[in-house]
Amino acid sequence: MRDDKQFYNLDTKRKSRRLFGEVVYGENKAPAHLKACIEGLLEAQGDVLITRLAPETYEKLGELKERLDYDPLSETALAGTKKEPVGSVAVVTAGTSDGKVAEECARSLAYFGVKAVPFYDVGVAGIHRLFERIDAIGGCDAIVVCAGMDGALPSVVAGLVSVPVIAVPTSVGYGASFGGVAALLSMLNSCAEGVAVVNIDNGYGAAYMAAEIVYAIHQKTRQSVSDKKA
Amino acid sequence: MRDDKQFYNLDTKRKSRRLFGEVVYGENKAPAHLKACIEGLLEAQGDVLITRLAPETYEKLGELKERLDYDPLSETALAGTKKEPVGSVAVVTAGTSDGKVAEECARSLAYFGVKAVPFYDVGVAGIHRLFERIDAIGGCDAIVVCAGMDGALPSVVAGLVSVPVIAVPTSVGYGASFGGVAALLSMLNSCAEGVAVVNIDNGYGAAYMAAEIVYAIHQKTRQSVSDKKA
Amino acid sequence: MRDDKQFYNLDTKRKSRRLFGEVVYGENKAPAHLKACIEGLLEAQGDVLITRLAPETYEKLGELKERLDYDPLSETALAGTKKEPVGSVAVVTAGTSDGKVAEECARSLAYFGVKAVPFYDVGVAGIHRLFERIDAIGGCDAIVVCAGMDGALPSVVAGLVSVPVIAVPTSVGYGASFGGVAALLSMLNSCAEGVAVVNIDNGYGAAYMAAEIVYAIHQKTRQSVSDKKA
Amino acid sequence: MRDDKQFYNLDTKRKSRRLFGEVVYGENKAPAHLKACIEGLLEAQGDVLITRLAPETYEKLGELKERLDYDPLSETALAGTKKEPVGSVAVVTAGTSDGKVAEECARSLAYFGVKAVPFYDVGVAGIHRLFERIDAIGGCDAIVVCAGMDGALPSVVAGLVSVPVIAVPTSVGYGASFGGVAALLSMLNSCAEGVAVVNIDNGYGAAYMAAEIVYAIHQKTRQSVSDKKA
Amino acid sequence: MRDDKQFYNLDTKRKSRRLFGEVVYGENKAPAHLKACIEGLLEAQGDVLITRLAPETYEKLGELKERLDYDPLSETALAGTKKEPVGSVAVVTAGTSDGKVAEECARSLAYFGVKAVPFYDVGVAGIHRLFERIDAIGGCDAIVVCAGMDGALPSVVAGLVSVPVIAVPTSVGYGASFGGVAALLSMLNSCAEGVAVVNIDNGYGAAYMAAEIVYAIHQKTRQSVSDKKA
Amino acid sequence: MRDDKQFYNLDTKRKSRRLFGEVVYGENKAPAHLKACIEGLLEAQGDVLITRLAPETYEKLGELKERLDYDPLSETALAGTKKEPVGSVAVVTAGTSDGKVAEECARSLAYFGVKAVPFYDVGVAGIHRLFERIDAIGGCDAIVVCAGMDGALPSVVAGLVSVPVIAVPTSVGYGASFGGVAALLSMLNSCAEGVAVVNIDNGYGAAYMAAEIVYAIHQKTRQSVSDKKA
Amino acid sequence: MRDDKQFYNLDTKRKSRRLFGEVVYGENKAPAHLKACIEGLLEAQGDVLITRLAPETYEKLGELKERLDYDPLSETALAGTKKEPVGSVAVVTAGTSDGKVAEECARSLAYFGVKAVPFYDVGVAGIHRLFERIDAIGGCDAIVVCAGMDGALPSVVAGLVSVPVIAVPTSVGYGASFGGVAALLSMLNSCAEGVAVVNIDNGYGAAYMAAEIVYAIHQKTRQSVSDKKA
Amino acid sequence: MRDDKQFYNLDTKRKSRRLFGEVVYGENKAPAHLKACIEGLLEAQGDVLITRLAPETYEKLGELKERLDYDPLSETALAGTKKEPVGSVAVVTAGTSDGKVAEECARSLAYFGVKAVPFYDVGVAGIHRLFERIDAIGGCDAIVVCAGMDGALPSVVAGLVSVPVIAVPTSVGYGASFGGVAALLSMLNSCAEGVAVVNIDNGYGAAYMAAEIVYAIHQKTRQSVSDKKA
């Protein structure tokens, strides 16, 4: 059988090329490969984020478990020194059942060093819940909206704010929701502008995009301040 | 070649079985067959409604044209004595481009003897337009909502009213709207209850369903009044 | 980990805005969140309906189980005072296998205070079973038809009655039924008018729509009686 | 440019291997290739059937036109001596708009030497039209049912007869009929047994299958008669 | 909870209307309903066929098991007096993995009193296996071809015979076979005529159609013989 | 016929609520409605952008044409005072054929007052063309990548930069590109993070999202400068 | 309006990196851009191939037309010195209607300097046509098989030869062929090994792949000969 | 119950007709049938390869297990004398999670007597990993690229080499990857030429195609050497 080391090829220099280092996708990996990836990145980068780490996979990690901050709802694990958060991202959900995806987003933001502000269960079936919070939501640097079923919430939010909305379709629903496809299509066809979409249930991907926006604001701000000061 | 009369089989007694008589679907019919169907029903029923009657097909109807009230936007034609309208149905659209489908609905309602109240271009991109009219919309006996793109409007409307919402996905949009499929799926997955859906662009079908609801209310009302009076 | 209370946001005032209060969707919720939603609504509304409550989830509800009237076939639970039913809705199924969805509908109607009249296993493979009952079916205020496989039954029923038909595609079937998609498409394309469709297996949604129709008839009737009397 | 003769390869001996000779599919062929195929088969077989021969393509056939019996509704052409028909096949349509496909079937049957009996426009929206004719339909050797939209008719017919039903979904309909897909899926999932399906709008294919059934009955009958007589 | 008897409605007179009596579909039925259906039909008809009866469901049937001839591969059960077979149907498979569907077909044919002749594992990857048997296959009254993956076998068979081919797509395959959709589409588009298709994995439906063809030949034969003799 | 004014409902106050005013979608509108929308917004807002304005529709605008800056490639028209651009957005295309969509984006950015920097025809078939420009691309505030066919370019770009990538699938391609679906799915599944997706061919939507990001950077920068200075 | 030169970016050094130079895709390009691409590559490479060049687009090329060898059936144009062909590729079609795609392949092979051997119209409906030619087909270096409808031919061919088969699904067919999807899926699921698939109607892509195989054989052969000689 | 021997029909002479003997597909076979197929081929051919042999199926093989070289990651088993490898095929993966499919390919190549050279985890998210290895990859006789998610890697590889690329979409990914469909479509639409595609997760099929290419080079080389020497 092939040597385990032939299966992976860590991109330990990613931080020098991009904003953040390599993150481990926890699905479909043999336990030995998964463990080696986590340990390798933790050593090279000083911190690591693992997504899609199901509880039964987590249990197979042995002693490595002790070094990880694991959350079974979002199936994410973090390790390494925490960053002081900059900026703010509103993480909005249509319903309680979208919480799993929202937390994958919120915890990824924490790992990236960005503040996540939760606004959960404010879907259009009881739209007053959204209106009561819309100023706080629109005051963040970017907005992530997680919704399944009809996927209508991002359109409504985007029509009321001036900051970018990143829409995350969730697989919540049944029948003709087709595992999130209904919400995905709804979001791609948002009649309100300012919505861009990531993959179904991809809370992590939304966090990355939002973090890039926050860093762009933050870094340019500092730069321009330095420039002006100079 | 086969005799034209072998191709159709008018259901001239439909009014005795159902609420309304047979209606002519104007597409995919040879002109001779179409003409014969219109004339046959007009004679048997005293009135007739033709849907999906494209302008170029209408032009082929010859002298029959003079007997028809034709509207090129909705591609519908009516003939026969008009009924005094009962009840009221709100016909709501998300955008101006949905007008074609909404008018198919409104004119069908007129043919059925039901009052159609238009609330056009009140989509969620400028949601205050809806809120300003929601009491008038919710005060009707039933609501038809026509929307393309994200199909989000029926969910929002249904969350704010107590009467049945019939949702009509329209083929307005492009790309991943897939000719109305995105709106259709969104509506089938409405997170607000009280929404049922008809086929894409089927303004006529929504009108029929709404008219059945209005008649049920109207007839029962009269009955109960008679009962009480007796 | 995030405080459980941040995950839900009960809409306890929904009854003042709509016909019925908030209902709990039992899937995809962490047990602690589900329990809190049921208890919160029961307290605020005096009654509650839970749908999609699988037996294994029900078992996790602890003492709360004693307060619930649970039916494992339909996976629904009710709590609170029962209403005296008004009106009548025919609940029709094509086959015995559609019983699960039909019962979700019938029990939801009971919760809404509407009488459900069952006509089960009358599909078109033995169409005389339908014809023997069509007068009783057509005499109800509204009709819910649940069918999988070819989804042909709503078309046949609608062609014979004058009241609205709400069609529920069920996921009964195999192969190219695609989990109810064949029935869904068939129903959306019903050649008989007066059919509107809800999501696959959505017996609850059909019940809500039917109840709105029954209430509209009932309330208007009472109003008009009062008006006339006055 | 390549010599035209390299593009086709007539199967002039097909009649020795199968029940009928090669038939020309009129679409997507360069006019020179199409003409050569028709002429070659006419010479080799003594007769020929061309399907999917659009009027504008037919016009390009020049003098060959005079040798063809062309029907623009069904877009079929026949040439050669007609056969005395044996057996009988009921050709049933749900609506007038399905006539084009039904005539492709009926004319193919005529070419194969089988009697086609038309029962057009007897769809389930006015189901009494079907019941009045069901004995005549069920008395044929086989039944072809053409239907678009909900595709419900084959299920209803099959539930009432003892002979094989060949279902032809037609592309009649709009929106979520998806060019005949809704009818196709409905037919594949027929809750009544004894239905097999051919491609959308494939009246010709249904005729071929039905003719094979008729010939099987007819030939075996003659054989068994000869056997017994011997 | 609702009385079990309200859930089913046996069509015990089906044999008087169609060729065969009602058959029980074993999926998605509560055990009590399933048992009652089997017992009711056995009593009324003297025999019964149950399809899609998974081993774990079979085990729940209690004492009824002793009255059934159960085959776990095809998941079918039969009860009642066996019929003397008439005619013959070739049951052909592309590969060994299609055996489950083929046996559902063969056992249903046995129940219907028709002889099934197996030709298994003769797919186009080793096409000589087919050619060695094609005369025997083509000598049957009808042919059922079961194939998954590319679904190419029915086209090849039909091009070599003069009897009707009923094609059964099977869900054998992976990836872009999409549970039998690839084979289904291939079969619907057969370039050889004389192929009609039933639902994916529907061996039973193919048997029914084939049996109708065999009976049509057999009955007419006897009739014509009687006619001639008289 | 209904008065034209009932069909539209301009949201003339949108600029007060969002970053930019209402934009006119030029498809599916009756010419009278389209003209009225353009004129109404031009008057209320002082400027206007029209997208999806096909040349033949543009020709129907009469005298209004003179007030519009029309580009037939991108099918966009602008009117009103131009803004001094802030920030910069890289507009990248995979091939020359994507130019239509890219120009819809670039001209929308111009209307929004943001600088668009074109990097066209740098797809992965000749990937050195991208690498030669990657520093310039990554130095912009945001990146819009338009690609059809395999949609691979956004993944490659995102893997090399630290700013947000907005991916626009285009309908360039044939066969199994399905009008842009292949590219859309590829982009939603980007293995490099930092990609969010808009609808197929939606250059305008990408521009809006990018402009929101640029304004966020720009406004915060100015604020922070003011803060520091104060 | 943007300068035309900004829209394209010729990869004139492709021949140094790959086996062949850049080829022009003739669809979706503005005429000025198309012309510039052809001229630029002709100058840089000495020859050029244009695919998907519809006759009406070709007509817009002005004087450039005289330098092109244009074939309207395959919609391809070539220019520059012809190469002496090496190796051989069998180009097989199921039917005459697939000729357009096959010729795109054959002419591309000619441009690449590879001999194309045509075997057209040998589909499985008359499978003896294939068997008569299978030795000649299997004797080529590689095989391209073009087929629409059921797409069964590549499976049959691959089961009989020892050289790689490149399958090209064509959009020939109707109804549930879905523009070539049925053939595509059939080919991806070939039960005979040794089949790989290119995009629907992509005769050019198949030619490229086949040419790479031929060159690999040819070059290695020459190398090994030189090696041995040395 | 039917005799097991009727279910299979080994093609023991396949090696005389094709390059390699029959291979056993381990899914969907009854254990007795599976065992008999393996033993029969092992006896007739002297070696055998089994694919899709899940660990739990492997466990059911009893004593036969001892004769097999089984790898649980790739779910393949080999038996018989190993061949001395000829040529070389690069087996490339985008990520560690694609290892399972890549190993099915590599082990099949070993069985076919071809050298597999692994280049794993070199996806476009860290594209420098690919560039560092591109010369070694391009120096092989053929290249197999396995990728899930966006399926972008084969396009990038093909744009940089002169040998054929066989792309294997893998089912790695979630949400809108649809079990490998996103990668499949991306690969079919590769903007770089020289890519042909096999079924999702079909590492074995890619190995077969690659081996045919290697053998073609190898055999012709030897032939031409012999020719020259003669």
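Just so it is clear, A, B, C, D, E, F, G and H label the chains in written order, and each chain counts residues from 1 on its own.
To be clear about the criterion, contacts are C-beta pairs under 8 Å (C-beta built on N, C-alpha and C of every residue); 3 or more make two chains touch, one makes a residue touch a chain.
Please read all numbers here as calculations on a predicted model, not as lab measurements.
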Among A-B, D-G or D-E, which pair gives essentially the same interface as G-H, with more than half of the residue-number contact pairs in common?
D-E
Between C-E and D-E, name the chain pair that shares the greater number of C-beta pairs in contact.
D-E
If you average the CA atoms of chain F and of chain H, how many Å lie between those two points?
44
Quick check: how many Å separate the C-alpha centres of chain A and chain H?
36
Note: chain D residues in touch with at least two other chains are 95, 125-126, 159-160, 175-177, 181, 184, 188-189, 193, 199
Spell out the part of chain A that touches chain F in their complex, as residue ranges.
17-20, 23, 141-142, 159-164, 166, 184, 188-189, 193-199, 204-206, 208-209, 212-213, 215-217, 220-222, 224-225, 228-229
Spell out the residues on chain C that touch chain E in their complex, using ranges where they run on.
71, 73, 95-97, 99-100, 103, 106, 118, 120-122, 125-126, 129, 172, 174-177
Give every residue of chain E touching chain G within the complex, in rising order.
94-95, 123-127, 148-152, 155-156, 159-160, 173, 175-178, 181-183, 185-193
Give the list of chain D residues in touch with chain G in this complex.
1-2, 6-9, 11, 14, 22, 25, 27-30, 33, 37, 52, 169, 171, 179-181, 184, 199-202
